[in-house]
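A quick write-up on the structure given underneath.
Going in written order, the chains are labelled A, B, C and D, and every chain counts its residues from 1.
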Amino acid sequence: MIKTAIIGASGYTGAELIRLLYHHPMVEITLITSRQYAGEPLSACYPGLGHLGLTFEDHNDEGVLDKADIFFTALPHKASAGIVAKLVARGKRVIDLSADFRFSDVTVYEEHYEPHPHPELFQEAVYGLTELYGEEVKDAKIVANPGCYPTCSIIPLYPLLKEGLISPKGIIIDAKSGVSGAGRGANQTTHFCEANESIKAYKVATHRHTPEIEEHLSRAAGGPVKVVFTPHLVPMSRGMLATIYAVPAEGVERAMVEGLWRDFYSGTPFVEVMSGDTLPDTAFVKGTNRCMIAVRENPATGHLILLSVIDNLAKGASSQAVQNMNKMMGWPQDKGLKVPVIFP
Amino acid sequence: MIKTAIIGASGYTGAELIRLLYHHPMVEITLITSRQYAGEPLSACYPGLGHLGLTFEDHNDEGVLDKADIFFTALPHKASAGIVAKLVARGKRVIDLSADFRFSDVTVYEEHYEPHPHPELFQEAVYGLTELYGEEVKDAKIVANPGCYPTCSIIPLYPLLKEGLISPKGIIIDAKSGVSGAGRGANQTTHFCEANESIKAYKVATHRHTPEIEEHLSRAAGGPVKVVFTPHLVPMSRGMLATIYAVPAEGVERAMVEGLWRDFYSGTPFVEVMSGDTLPDTAFVKGTNRCMIAVRENPATGHLILLSVIDNLAKGASSQAVQNMNKMMGWPQDKGLKVPVIFP
Amino acid sequence: MIKTAIIGASGYTGAELIRLLYHHPMVEITLITSRQYAGEPLSACYPGLGHLGLTFEDHNDEGVLDKADIFFTALPHKASAGIVAKLVARGKRVIDLSADFRFSDVTVYEEHYEPHPHPELFQEAVYGLTELYGEEVKDAKIVANPGCYPTCSIIPLYPLLKEGLISPKGIIIDAKSGVSGAGRGANQTTHFCEANESIKAYKVATHRHTPEIEEHLSRAAGGPVKVVFTPHLVPMSRGMLATIYAVPAEGVERAMVEGLWRDFYSGTPFVEVMSGDTLPDTAFVKGTNRCMIAVRENPATGHLILLSVIDNLAKGASSQAVQNMNKMMGWPQDKGLKVPVIFP
Amino acid sequence: MIKTAIIGASGYTGAELIRLLYHHPMVEITLITSRQYAGEPLSACYPGLGHLGLTFEDHNDEGVLDKADIFFTALPHKASAGIVAKLVARGKRVIDLSADFRFSDVTVYEEHYEPHPHPELFQEAVYGLTELYGEEVKDAKIVANPGCYPTCSIIPLYPLLKEGLISPKGIIIDAKSGVSGAGRGANQTTHFCEANESIKAYKVATHRHTPEIEEHLSRAAGGPVKVVFTPHLVPMSRGMLATIYAVPAEGVERAMVEGLWRDFYSGTPFVEVMSGDTLPDTAFVKGTNRCMIAVRENPATGHLILLSVIDNLAKGASSQAVQNMNKMMGWPQDKGLKVPVIFP
C-alpha cells in the first residue's frame, strides 16, 4: 500500500480526496492536515467521515511531511507553492490542486494571481489534464491539477483545434458550475438563501481560469487562442456544464466532430462522446471522473455548439488528481475510479 | 371594476395571473376556466388559492364567454387560437399567452408549430412586448403575449441593433430557465430528482422561440437576423437569465450601450440598466415584472456580453400580460404591478 | 400617508418589511437604517430593491429617529431593546421583531437570553400574535412581534388548550423551517452546500422559542404547560411547518377540532382550517400572512396530529408585524396584506 | 464471480443496485430487466450508466431467469411476488425490495396492501434488517428487504424496547424523506416546482410502513407496540431522518441509551452512535449504507428524543440489499460497501 497524504484536507476537494483514496485498492491515507483543525479528529470537520478514524495534523510540524510518499496539496494558491517546494526538496511527488503550477509561463501566473514564491519549480510541473498529458504526468515530480472550468472546456475543444475542425477565433465558453466550486468558506454568495432559486454570471470576462484555458487551446491550435469565458453559479452542490460556441472549418459536420473525439480519446476510459439524441447533463457524471461531450449544429448561422459535463469536485478536481496519481504510479488510470454515477 | 377572465387557469401562468389580477385595483376576476377542473373550486387545483373563493368553469359552456370583458388565454398553442377566435367574434379583447399569434407571418408559425386554424386573425394581433409595441397594444383586439425567452433576449438586443451598436451577425443567446417554464405537466424531465442537482441544455438549435426572437431582432436591424439560441434547464422554480454574446460596432464601449439602453427605455418603468459592478441575478426580479440588464466587454476578443434577467412566469408571461392589459385600458402600465421583488 | 421606519433593514426580515410596506396603501417608508450600510443605497445590500430609491441611515445619528411615526425594529436581541427604549422615550410606537419584549416575565427572558437592559419596559409591551391579542395590540406602545416557531405552533394549539380539547401534557412540536430563519449572516450552517440535500434537527430540547411557546400555551390552559420542541432545518429558503402531537380529551374527534378552530378564528382573515383531504404545505402560504392548519387522528394510539404552515419571514415575522401595525392604526388587519400566495 | 440479476432495474432502487453491484469485487451483473425498456440499452433509461454496456431484458422471456444466481427484485408490490415465486421454484435466492414478503402475518399484508398471490412463501422469507436478523438472512431463500422508514426507525428503537429502556407506549415517529422515496414515476407530487421550496406531511396516520415498523418493535418489546408515524416530503433527492419521541423508563439517561446502542450494534459496521454535540444529518450518510443515531433528553417533560439518519435509497433500500447478499454468501457484510459518504 502506497502512503498518501492530503495537505489541506478540510475543504471540499479534501473531503472528496478522502472519499476516493479511502477505497482505492492500492493506497492508504497516512496523513491529513489542516492548520485550523490540527489535532482534531476528521469528524470535527466532516462528521460523516468520522468513522474513518483519521486525525488532522499540522503540515508545518516537524516530521509530518515524512509520513507519506504521494502528496495531494489542496491549499489556496500561494500557500500551496510553499509546501510543494518543501515536499519536492524532500523528494516527494506532489499533485497540486491549487493554481500555483498550472501555467508554463510564470508571468501569466503573476498577472492573474500574484508574485510567485517558487518560480524555479515551474519547469518541474506538468499540467495534469490526464487525457492530454498523461505521458508527461508519469514522470512528473509536480503535477499541476487543472482547474474545473479548464478541464470541462479543454477536453472538447483541444482535438478540434489540433485537427483544424474549428476556427481558433470566436470561441465562446458559457460555463455553469455548482456552488461547491466556490469552496467551503462561508460568505454571502454561498449562503443558501442567496444561491438558491438564483442563477447569475460572475467574474464576466475576468475569471482567472481564462488564461489557463487559453494556454492549452493555443498549444492545440499552434498559435494564440483567445476565448470569451463566462462562468455562472447554479443552485446545485456539484456539477459543471460548458456550452461552447465555435465556428467550424468549411464542411465540418457533427459526425466528423464526434468521430474525431472518439479517435482522439479512444485510449482513455473517462471521456464519453454522446452521439444520439440525449444531451449531456451534469447529473450523468455526479461523483465520477467522467466527462461526457456532445455537439450540435446550428445551420442558420453555421456555428457548432459543444456541450461538456463533469463533476467539478471530481474530474474537475479530486478524482482527476487520483487519475494523475494512477499515471504517476504506473497503474491503470481508472484504478479506484470505476464507481458509476450516483443518481439521483 | 373591469371584469377579467382567465381561460385555462389551471397551469402556472394561470395561477400567476390569478395572483396578479386579484390584487389589481381596477379589475375583478369574474371567470376562470379549465376543462379538467370544470365545476371544481380553485382549491382543487391550487390549495393555496382556495380562500379566493373562485370556481372553475368550462369555457366551452354556453354563455360562459359573456362573463368578462378582458380575456387572458393561457391554453396550449392551437387550443388557444380556437377560443381566441370565438372571443374576437364576440367583440372581446384578448391577451393570448400561447404562441398562436406571435408571428407576423403565418408560414413561420406553421413551419415551427402546425397548421394554424385561424390565419385570418394574424393581422388583428399585436406582439405584446410592451416596451417596444405599447402604442400598438393600446388598440389591439388580440395581444400576442411574448414567450419568456424572447422577452428576456429582445429587451437588451433590440435597441442595440436598431441603433447599430452591435453587428446583426454572430449573436449568440445562451439562456437559462427555471423549471416552471416547462409547465405543470408531470413528466420525467420535470421530476424533482431529475431536475434537481442538474443543469443541461435542451432543444439545442431547435427551440421554437428562436424564430420569435429573430423576427423582432430583424425588425430592429432592418434586415434578417439569425441567432444561435441555446436554452438550459436550471434547478430552480422561477427565473430566467440570458447571457448574450455580440460583436460591437467599431468604437462601441460599455458606457455607450448603457446610455442607449437608458435612453431607449427611459419612458418605461420595468427595465433597469445596471451600471455598477453588480451583475444581474434572477433572484433580483422574482415575482416582479422587471427586467434587469447589464453589459460587459471582453477586450481580448472584442465581444460584448449582455446579461438580462426576468421572472419567466411574470415578465416572461403573466405580469407582462397584465402590463399589456394596462396599456389596452389606458391605465399606467405599472398599475397593480409595483410590488417589489420577493427575496429570498 | 403614515411615515414608517425600519431599524435594521439589512436582514431578511428587513427586506420583507420593505416589500410589504412599499405597496401598503396607507404608509410610506421614510427611514431605513443599518449600521453596516449607513450612507449607502438600498441596492448595495439588496440589488433587486434598488429601484425603490431608498438609502440607509444610521439609527444612532442625531435626529434620525424623528423621521417616522411607526417603527419596526429588526435588530438582534439586546441591540433592539436599547433602540426601542429611545423610541418609546420619544413617544414613538414600535413593533419589535426581536425577542426582547416577548416574555411577560423578565426572568424567563434572562434565563434564556441574557441580562435585559430595559426591564422597566416589559409591562409596556404586548405580545403581537395578532389573532390572540389583537385588542391589546391596538393601544400598545411596544408590540413584541412573535417568533416564527411560536406563531406556527400557538395558533393551532391555543384554542384547543383553552377549551380543553387536548391535554396540556404530552404536547410534542416537531417543527421544520426554511434556511432564511437562520438569518442572512454567512456561516457553515447556512452555506448552500451544507444545507442543500440535507435535513437535520438542531438545538434539540434547548431552542429559545420553547419558553415563548410555553407561556402562551400556559395562558390558554390556565396552568403550566411544558412541551417538547424540536426544530429542523429544511433545504428551502422560506416556509415553516409544525407537526404537533397531542392527546385529545375523551371523545374529541377531528370534526370537533376543526369546528372549534373555525369558531375561534372566525373573525380573523388569515387562519384557514383545512377540512378536506389536502394537508398543509408550506408552498400554499409563501409570501403571505396566512396560516393553514389541519388535524388528523391516529386511532391506534389515540393521538391527534395537528399540522400548521406559515411563511417564516411573513406571518412568522414581517407580515405579522404589518398586521400588528394595521391593528395599532385602526385599519383592517389585512390592509396591504391581501396579495395571494406566490406559487411556484 | 457470482452472477447477479436486477429484476425491475429501471427505477431509482434499480439504478442504485447497478451502481453498488458494478464495483462489488465478488459479483458481476449478468441480467437487468425491465418490461418497458426490454431490448434497449441501459443508457435509454439512465444515460449516465450507458458506459457499463448493459442491456435490459424482459424477465418474462424464456430462459432469462437462468442467467444469474442471486436475484434482486425491485418491482412494485404484487408484481414482485409472482416473479419471486418463479425464482424460488428454480432454486434461486432472492432479495426482494418490494413489500411483498415483509410481514410474518399475511393478513397484516392483505389489510394494508391487497390479496397476496403467494402466501405459501411467507414462511420462506426472512426480514432483512441485517443488523437484527443477519443470522437468519444467511440461510434465507427469500430476503424481504425492509422499507426505508422501518429501517430508519427500527434501528434506534429496537434495542431500547428489548432492554426496557423506553416505554412501548407513546412512541411517536416523525420522519422526513427525500423525494426519491416516491419513485421515478412522474406525477404532480414529484414535479420539481411542487416539491421544491415546500415541506409537507403525507399519508398521516395511514402510511403502510406503520405495521412494518410495529411488527418489529413488538418483537423487541415482547408485546404489541403501536406507534404514531408521520412521514414528510423534503425538497431533496435523497436522505431520510426519523425524529422519534419516546418515554424513558425510570432513571434512564442519555449515556445509558448510547451505551446500550453501542453494545447492541458493536458487531456491526454500519451503525454509528453519535455521542458528542453534533446531531445526525442526512448529508452525513449520502450514498452509504450507514445509519447514524443520537439521543437527547427533554428534562421538562421527561421525553427522550432519538434521531436517526440513513440514505433512503441505500441503507433504506439498495445497499441494505447488498448487505443482505453479503450475509447470504458468507462474505463480510461490508464487502463492496465501504465507500465513504459523498459530500457535498
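In this section, a contact is a pair of C-beta atoms (placed from the backbone, for glycine too) under 8 Å apart; a residue touches a chain by one contact, two chains touch by 3 or more.
Worth saying up front: this structure is predicted, and the values here are computed from it rather than measured.
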{"item": "Repeat of the B-D interface, chosen from C-D, B-C or A-C (over half of contact pairs identical by residue number)", "value": "A-C"}
{"item": "Chain pair showing more contacts of the two, A-D and A-B", "value": "A-B"}
{"item": "Approximate Å spacing (C-alpha centroids) for the pair subunit A, subunit B", "value": "39"}
{"item": "Centre-of-Cα separation between subunit D and subunit A, whole angstrom", "value": "36"}
{"item": "Multi-partner residues of subunit C (each touching 2 or more other chains)", "value": "12, 180, 193-194, 196-197, 235-238, 281, 283, 286, 344"}
{"item": "Residues of subunit A that touch subunit C when the two form their complex", "value": "12, 179-180, 184, 186-188, 190-197, 235-237"}
{"item": "In the complex with subunit B, residue positions of subunit C that touch it", "value": "12, 15, 18-19, 22-23, 43, 46-52, 180, 197, 237-238, 272, 274, 276, 278, 281, 283-288, 290, 292, 338-344"}
{"item": "Residues of subunit C that touch subunit D when the two form their complex", "value": "169-170, 172, 174, 176, 178, 193-194, 196-202, 204-205, 226-228, 230, 232, 234-239, 241, 243, 245, 279-283, 286, 296-301, 303, 305, 307, 309, 344"}
